[in-house]
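Labels for the chains are A, B, C, D, E, F, G, H, I, J, K and L, by order of writing; each one numbers its residues from 1.
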Amino acid sequence: MKKILVIHGPNLNLLGKREPDIYGKFTLEQINELIKKEAAQLKLEVKIIHSNHEGEIVDTIGNASSEFEAIVINPAAYTHTSVAIRDAVSACGLPTVEVHLSNIYSREEFRKTSLISGVASGQIAGFGIQSYILGIKAASYLINK
Amino acid sequence: MKKILVIHGPNLNLLGKREPDIYGKFTLEQINELIKKEAAQLKLEVKIIHSNHEGEIVDTIGNASSEFEAIVINPAAYTHTSVAIRDAVSACGLPTVEVHLSNIYSREEFRKTSLISGVASGQIAGFGIQSYILGIKAASYLINK
Amino acid sequence: MKKILVIHGPNLNLLGKREPDIYGKFTLEQINELIKKEAAQLKLEVKIIHSNHEGEIVDTIGNASSEFEAIVINPAAYTHTSVAIRDAVSACGLPTVEVHLSNIYSREEFRKTSLISGVASGQIAGFGIQSYILGIKAASYLINK
Amino acid sequence: MKKILVIHGPNLNLLGKREPDIYGKFTLEQINELIKKEAAQLKLEVKIIHSNHEGEIVDTIGNASSEFEAIVINPAAYTHTSVAIRDAVSACGLPTVEVHLSNIYSREEFRKTSLISGVASGQIAGFGIQSYILGIKAASYLINK
Amino acid sequence: MKKILVIHGPNLNLLGKREPDIYGKFTLEQINELIKKEAAQLKLEVKIIHSNHEGEIVDTIGNASSEFEAIVINPAAYTHTSVAIRDAVSACGLPTVEVHLSNIYSREEFRKTSLISGVASGQIAGFGIQSYILGIKAASYLINK
Amino acid sequence: MKKILVIHGPNLNLLGKREPDIYGKFTLEQINELIKKEAAQLKLEVKIIHSNHEGEIVDTIGNASSEFEAIVINPAAYTHTSVAIRDAVSACGLPTVEVHLSNIYSREEFRKTSLISGVASGQIAGFGIQSYILGIKAASYLINK
Amino acid sequence: MKKILVIHGPNLNLLGKREPDIYGKFTLEQINELIKKEAAQLKLEVKIIHSNHEGEIVDTIGNASSEFEAIVINPAAYTHTSVAIRDAVSACGLPTVEVHLSNIYSREEFRKTSLISGVASGQIAGFGIQSYILGIKAASYLINK
Amino acid sequence: MKKILVIHGPNLNLLGKREPDIYGKFTLEQINELIKKEAAQLKLEVKIIHSNHEGEIVDTIGNASSEFEAIVINPAAYTHTSVAIRDAVSACGLPTVEVHLSNIYSREEFRKTSLISGVASGQIAGFGIQSYILGIKAASYLINK
Amino acid sequence: MKKILVIHGPNLNLLGKREPDIYGKFTLEQINELIKKEAAQLKLEVKIIHSNHEGEIVDTIGNASSEFEAIVINPAAYTHTSVAIRDAVSACGLPTVEVHLSNIYSREEFRKTSLISGVASGQIAGFGIQSYILGIKAASYLINK
Amino acid sequence: MKKILVIHGPNLNLLGKREPDIYGKFTLEQINELIKKEAAQLKLEVKIIHSNHEGEIVDTIGNASSEFEAIVINPAAYTHTSVAIRDAVSACGLPTVEVHLSNIYSREEFRKTSLISGVASGQIAGFGIQSYILGIKAASYLINK
Amino acid sequence: MKKILVIHGPNLNLLGKREPDIYGKFTLEQINELIKKEAAQLKLEVKIIHSNHEGEIVDTIGNASSEFEAIVINPAAYTHTSVAIRDAVSACGLPTVEVHLSNIYSREEFRKTSLISGVASGQIAGFGIQSYILGIKAASYLINK
Amino acid sequence: MKKILVIHGPNLNLLGKREPDIYGKFTLEQINELIKKEAAQLKLEVKIIHSNHEGEIVDTIGNASSEFEAIVINPAAYTHTSVAIRDAVSACGLPTVEVHLSNIYSREEFRKTSLISGVASGQIAGFGIQSYILGIKAASYLINK
C-alpha cells in the first residue's frame, strides 16, 4: 500500500478552538479523521504530522522520499515566509500538493504570495476542510499518473 | 438534478493540438467527456461552454444564477486581465471554482496575479485535466454545504 | 434636436437584481427612464446602449461622431483594463463624460486607476444613479459651451 | 432653508487673473456669484469660504456639522497632500462633494492621487466652473436623499 | 502561393479620418491596398482582417495555422492589455511580426509595455504605414528562412 | 518643578463627539484632565495645546526648548505628511514621545508611515487615552534618565 | 492574582554582553528583575520566557490563553519576518503589547515593517528597558479595561 | 529700483541656535544682513519674510506679482510636501530661484524629491549661506534677461 | 548619392564567433557585406563603424549631420544604459532607425527598457541579420519621405 | 590552535543525494572532510554543525564568541529570510564569511537578496564546494589580520 | 593663483548648433570665453576640458587633485548613469560644483536622478549659461572657505 | 604555463592614495605585486590591466579568449552600470571571477546590484586585497576543474 505524508503547518493545532468563523468549527483531530477516511478509500496509507517549527517541517520533508510517494502540505503562515520549506519540497522530489483552508487571495496583501507554489505540483485553496480531501485525491492522481 | 456551468476561457479550444508538452495531449472534447462522466457520478447535470470572448463569458455568468447552482471556470488568459469577469462572478452570487491546467505560479510573472481568485470560492491549479475533475468535486461540495 | 449617446459597460444589466446594498435597488430599465426624462428636460435626444463586450463598445464609440454631440459612459469594469475604449474615446473627438455609480476611490486598489479619465472631458463618481443625471447635465453643458 | 458650505482651497483666489488658458477666465468672485445663484434655485442657503491654510480648512470643516447639511469642497493642491482635511471630512459626518475645475487625471502624476476622494461622497472633475454647479446639485441630492 | 494573415486591431478602422497628425492621413483601405501590392511583389497571398473585438482576434489566430504561413499583426490597444492574444500567438505556432504605426516607446507610460512582443518573432514600430510594408517583408523572410 | 509640553494635532478637538467607536467616548477636555492628574503624580508641570495648523505646531515646538524638558505629541494626520514637524522636533533637541490613540499599523496603508517616528525618542500607539498616560510616564523617564 | 506572559525574542539573551551602546548595559536577567518588580507593584503574576526559536514562541502563544490574561512581547528579529507569530497572536485572542528596546523606525529599512503590529493591541518602542516597564503597565490597563 | 522677495520656510528661524554642525553657526538675522548687502550691490530692493506656515507662504507668493520682479525661496521642509506652494509659484508667474543650505541629495531618501523644482526657474543647493547669495545673483540675472 | 551611417555597438565584433545559437553564425564582416549590397540596391552610400566605446559612438553621432542623411544603429548593450547616446541621437537631428538582432523583449528584464527608442524614429528587433536589412530599407524610406 | 565554526544551513544535509546537477555530487560528509583537511593545513581547529532550524543556528552563533575566532556560514535558504541570523552574526562580533555553493545572483529573483551579507565580513559564492575551501582561507586571513 | 578645473560632459560640444530653443544659442566656445572672464575676475586660473568619454572624465578627475583646488562639472548625460564619475569625484577629494544648463527636474523622469549630486559639494541647475558663471563663483567660495 | 587576465576597473588606480580608511593603504602597484606572487605560486602566468574606460575593458575581454584561460575582474563602478561588460564576459566564454575590495552589500543602495554577477562564475567580496588573492585561487580552481 502506497504511503503519503500530510503536513499541517503553524497554528493549525488551534483549529476549531479559536476564530471558528474564519477557520471553521472542526478541530485538527476531526480533520485528521476525515483525511484518514479519504486516504483509506483511495487505498493510501497516510502519516499526519503537525509542527509550529519551520526546521522540523524541513527535517520531515528532507527525510520523506524514502518512505512516501507524495506530500500534502498546508504550510499556513510559512507559505509566505519560508524559502527553506520551498527548497526542501524542491529537493525531496516528491509530488507535492499545497492546500489552504481559506482563500488566501482574498485576505491581507502579504498572504497573496506563496513561496511554496512555485515548486508544488499544484494548489487547492478556499474550500475549508474539503481542501484537504481534494488534496488527498490530487495526491492520489499524481502518484498514479 | 442540480445543474452546474463549466466555462472554458480563451484558447482552450486549441488544447491537445498544440504545445502538448505544456498543456497535455487531451483535446477539449476529450476533457469535456471526462467532465460529464465525473458530473454524472456526482449526480450533477453539467453545461459546458467555451468562448474566446470576454464579453460572452460575462453574458453567460450574468445569466447563470437562474439556471445553475455553481460555476467551474478556467478563465485562462482572462484570469490576469478581466475585471469584468471578476465583477460578473461577484454579481452572480453563485459558488465559483477557479481551475487552471498548469501551475500558474511557476510561469511568467504576469501569470501570478489572478483577478478572479479574490471573488472565487476557491482555486485548483496545476493538476492538468484533473484540475477540472477536482473542480467538479469541489463544486459538488459547495452546492451541498 | 441634439443627440447624445449613453453607454452602460459590463454587468450593469444586473443592476437592481443583485447586491442592491452596493449598487442600489434600481434596475437598468428604471435608470434608463430617468436618463431619458432628464435628457428631454434638457432638450436632448438620447440613445442608450448596454454591452458586456469591449469590442462592441469600441465599435459604438468609433461610429458615434457622425450621429452624436457627446457621450456619457459608465465603463464599469473596463474603466480599469481597456486601452481600446480609451483610444476610441480619444479618436472619436466627442466631449465625453465618465460616470460611476459608486465612489471607485474607496474600493479595491485596482479600481482606483481609470484608463478612461485621462481622455474624458471630466468624471462624476459616487452619487448612485444621480451620477448619470449629473452626467447628462454635464454633457449638455459641454455641447453648449 | 437648508445650508451648505462651499470651500475653495489654496490658490483659487488667483482664478481668472493667471493662467486663464488652464483655469478659465472667471474670477473667484464671479464663480461665487454663479454658485449662489444655483444654490438659490435649489432653495439652499450657501456660505462660501476660501483659504490657503490647511489648518483653517480643517477648523472650518470641524465646526461645520452644527450649521450645515453638506459640504462642497475644491481642495486644490491639498487634494494630494492633506490627510488632515481627509480626517476632518471623515469626522464631520456631512455628505461631502469633492470638485475640481480641471481633469486632475490628465495632468502631472502626483495629481492623480486624491487623499480626499476615499472619504468624500463623490467627485466631480474636469468641467471648469460647471464642476461647482454640478457639485451644488449633487449636494442638494445628497441632502434630500 | 504562400499565404499570410494581416490583422488590424482596435480603432484602426478610424485611420485617416481622425487625428491625422498622429496616425497619418491614409485610410485603412489605402493601407490595405499598399499591403496587397507589397505582398504581390513578394509572391505572397494576403488576407487582411480588422476587428475591435479581442475575442474575434483570438478566434482568427487560433484558426490561422491551417491556412497561413505567417502573421503580421498591429495589436493596437490590445498590445498592452491582452494576454489572450499573446497566448493565441504563442499557441498558433506561426512566425508573427508585431507592427505599430507610431513609436510606442515615446508615448504614454502604459504604451511602453507590450504583452505581445515576448512571443512575437520580432517587432517593427514607428515608421507609419511603412511599418506594415516592412512587416510584410519581414514575414516573407521568416517564411523563407 | 519640571515642565513638559503636550501637543494635540489636527481634528483631536472633535474627540468624544464623533466616531466614538473608533476614538472612544472621552472628549479632549476629559483627556486633558487625566493628563494633568498623571503629570501631577509624577511631579511634572504640564502645558497642553491643540492646533489644527501645521505651522502653529512648528512654531510651538521651535520655542519649546527654553521652557520645557520634554514633549509628548500626538501628531494625528500630520504624522504622515509633515516633514516640517519632523524637522522642528529634530531641531528643538528635546526628548519627544510620539503617541497615537489607535493602532496606526492596522488601518489604511498611508497611515503606516510616520515621518515623526524617525526623530522621536520613542512611540506609543494603540492604547486609547492610555497612550497619553503612558506617554507622560515615558517623558518623565526620559527627563530623569 | 492575574497572570501575564512576557516573551523575549531572538538574540535578547545577549543583552548587556554585546553592543551595549545600542542595546544598553543591562543583562536580560536584570531586565527580568525589573519586570517582576513592576508586575508585583501592579498585583500581577508574571512568567517570562526567552527563545531564539520561532516555533517555540508560536507554541507558547498558542497555549497561553488558558493560563494568562495578556502578553507582552518583544519579537526582536521575528517582528519583521514571522507571519507565524502574527497568526499565533491573532489566534490566541489575548490583549498583546508589542515592545521594542530601540526605535525601530530610525534603523535599517527592513526594520520599519512590523508583521506583528497589525494584530497587537498596541506598540511601545524606543525607551530602552523602560519599554518593558511601560509595556507591563499597558498590559495591566488592557486587562482591567 | 527693482524689488525681489526672499522667503525662508519652516524652522529656518532656528538657524545658528541649533545643530550648527549641520546648518552652520549663522543666525537668520545674520543671513538676512548678508542677503540685503548682496541685494544692495546688485541694485535690488529686497523684502525678506520667514514663516513656518504653508498657508502664509502661499498667501505671500499669491500676492507677490504686483510688487516683486523675482522670488528667492528656501522652502525647507515644504520642499518635499507642498503642492500648494508649487501651485503658487507656478501661478504667480515670477522667475523663482529655489535655494537650500544643505545638499538635499546626500540626506534622507524623502529629502531627494522636490515638489518645487519642477516649476522653479532653477535650483542652488549645498553651499550653506552662500546658496542665498548665489540665489540673489541668479534672481538678478533672471530679472535682467 | 545620399549617404547613411550604420553603427554597431559593443561586442558586435564578436558576432559569428561566439554564441552562434543566440546571435547567428554570420560574422560582422559578412553582415557588413549584406548591408552594403542592400544599400547599393537602394542607391545609398553607406559608412559602417563599430565601437565598444560609448564616447566614440557619441562622437560619431555628434559629427554625423554634416555628412549623412540617416542613421541605422544597433546600440547593443548601450541600448539599456546610455543616456549619452540618446542625447546624441536627439541632438544630431537625423532620422534614426534602432535595430536589434534578437527580440530584446523576450530576454532578461533589464533588456526590456531602451533608452534610445524614445528618440529614435522607429525600431526593428528580432529578425537576426534581416533586422539590419529592414533597417536600411526603413532609413531609405525616412530619407525620401 | 585557533578554532573556527562552520555552519551549514537548511537542506544542505541533502547534498549529493538530490539535484546533483545543481548542487554537485559530493555529500555533506565529503565536504566536511575537505573542510577539515583545509583547516588542518591552515593550522585551524574546526567545528562543523548543520541545522535546518533557524533558532538552533541563532543559539549556536550566540554562544560562539567564547570558543571561536571566526565563523564560516552557508545560510542557504535562511540567507533570504532570516533577520534573526543577521542579528546574531552582528551581535556575536566574530569575523564571519558567508559562502554559497551556487551563484545566487543568477537564480530566482528572491535569491538575489541576502539579509546576511550586510553584516558579514565578506561573501564567496558560485564556486561549488570550493566556496567552502576559499571561505576557510578567508576566515584564516581575517583571524590573522 | 589658484586653479580650477571645468569639465563639460557628453554632447555639450554641440551647444549653440542644435536645439537652440532648449540649450540656448551660445556655442561651447562662447561659454568658455565667459567662464574664463568670470574666473579672471575672481583671480582664478581655469582649465576647461570637454569629453564625450566617461573614462576620459574619470581619468581627468583622478589626476585633478595635484593641480586644482576645485572642480566645476556639467556631467550632462553621465549625471544619470555614471557611478564611475561619482566615485572619481568622491575619491579626488576636491570641492566639486555640479552644474546644469537646464532644469533637470522639469524634464524626463530619468533625468531627475543625479548620481553625482550625492558626492558634490552643491548643485546649480536651470540658469542656462549663467549656471556656469554661478558655478565658478561657488567654486571660488568653496576654495576660500 | 596557463595564463589568466586580471582587470582593475575605474578609479582603482587611486588606491592607497585616497580614502585609505575605506579602501586600505596599499597602492595598485603593491596589490599587483601580491597578485603576481600568488599567481606564481599557483603556476599561473598573469597579465594585469587597469582602465577607467568601459570600452577598453570590453575590448580587452572580447580579445581574451585566445590568450587566457580565466579572468579575474574587479569591475568597480562599472559593476552597477555596465551591460556592455556583462555581455563581453558572457560572450568571451572564459570562467570569470568577480572580486570586490569592500563588501558592496553594506554600502549605498545602488551598489547592491551587480550586472556582472549574473554571468560571472562566482563572486568574492569584502576581504580587501585578499579578495584578489582568493580570486586568483578561485580562477586556478576553475581552470583545473
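In this text, contacts are C-beta pairs under 8 Å (C-beta built on N, C-alpha and C of every residue); 3 or more make two chains touch, one makes a residue touch a chain.
Everything numeric here is computed off the predicted structure, so don't read it as measured data.
Peer 1: How many links in the shortest chain of touching chains run from subunit B to subunit L?
Peer 2: Counted as steps through touching chains, the separation is 3.
Peer 1: Regarding the subunit A and subunit G pair, does the interface count as same (over half of residue numbers shared) or different (under half shared)?
Peer 2: different
Peer 1: Where does the B-C interface recur among J-L, C-D or I-K, taking recurrence as more than half of the contact pairs being identical by residue number?
Peer 2: Equivalent contacts to B-C are found in I-K.
Peer 1: With centres defined as the mean C-alpha position, give me the subunit F-subunit H separation in Å.
Peer 2: Between these chains, centre-to-centre, one finds 31 Å.
Peer 1: Using mean C-alpha positions as chain centres, tell me how far subunit D is from subunit L in Å, no decimals.
Peer 2: 62
Peer 1: Express in whole angstrom the distance between the two chain centres, defined as the mean CA positions of subunit H and subunit K.
Peer 2: Centres of subunit H and subunit K (C-alpha means) sit 23 Å apart.
Peer 1: Name the residues of subunit J that each touch 2 or more other chains.
Peer 2: 53-56, 81, 118
Peer 1: Chain pairs that touch, all of them, please.
Peer 2: A-B, A-G, A-J, B-C, B-E, C-D, C-E, D-F, D-H, E-I, F-G, F-H, G-J, H-K, I-K, I-L, J-L, K-L
Peer 1: Given the complex with subunit E, which residues does subunit I contribute to the contact?
Peer 2: Within the complex, subunit I touches subunit E at residues 103, 105-106, 114, 117-127, 130-131, 134, 137-138, 141-142.
Peer 1: For a test of understanding, state which residues of subunit B touch subunit C in their complex under the given definition.
Peer 2: Touch list, subunit B to subunit C: 53-56, 58-59, 62, 65, 81-84, 86-88, 90-93, 115, 118.
Peer 1: Residues of subunit D touching subunit H in their complex?
Peer 2: 9-11, 13-14, 18-19, 51-56, 76-78, 80-81, 108, 110-111
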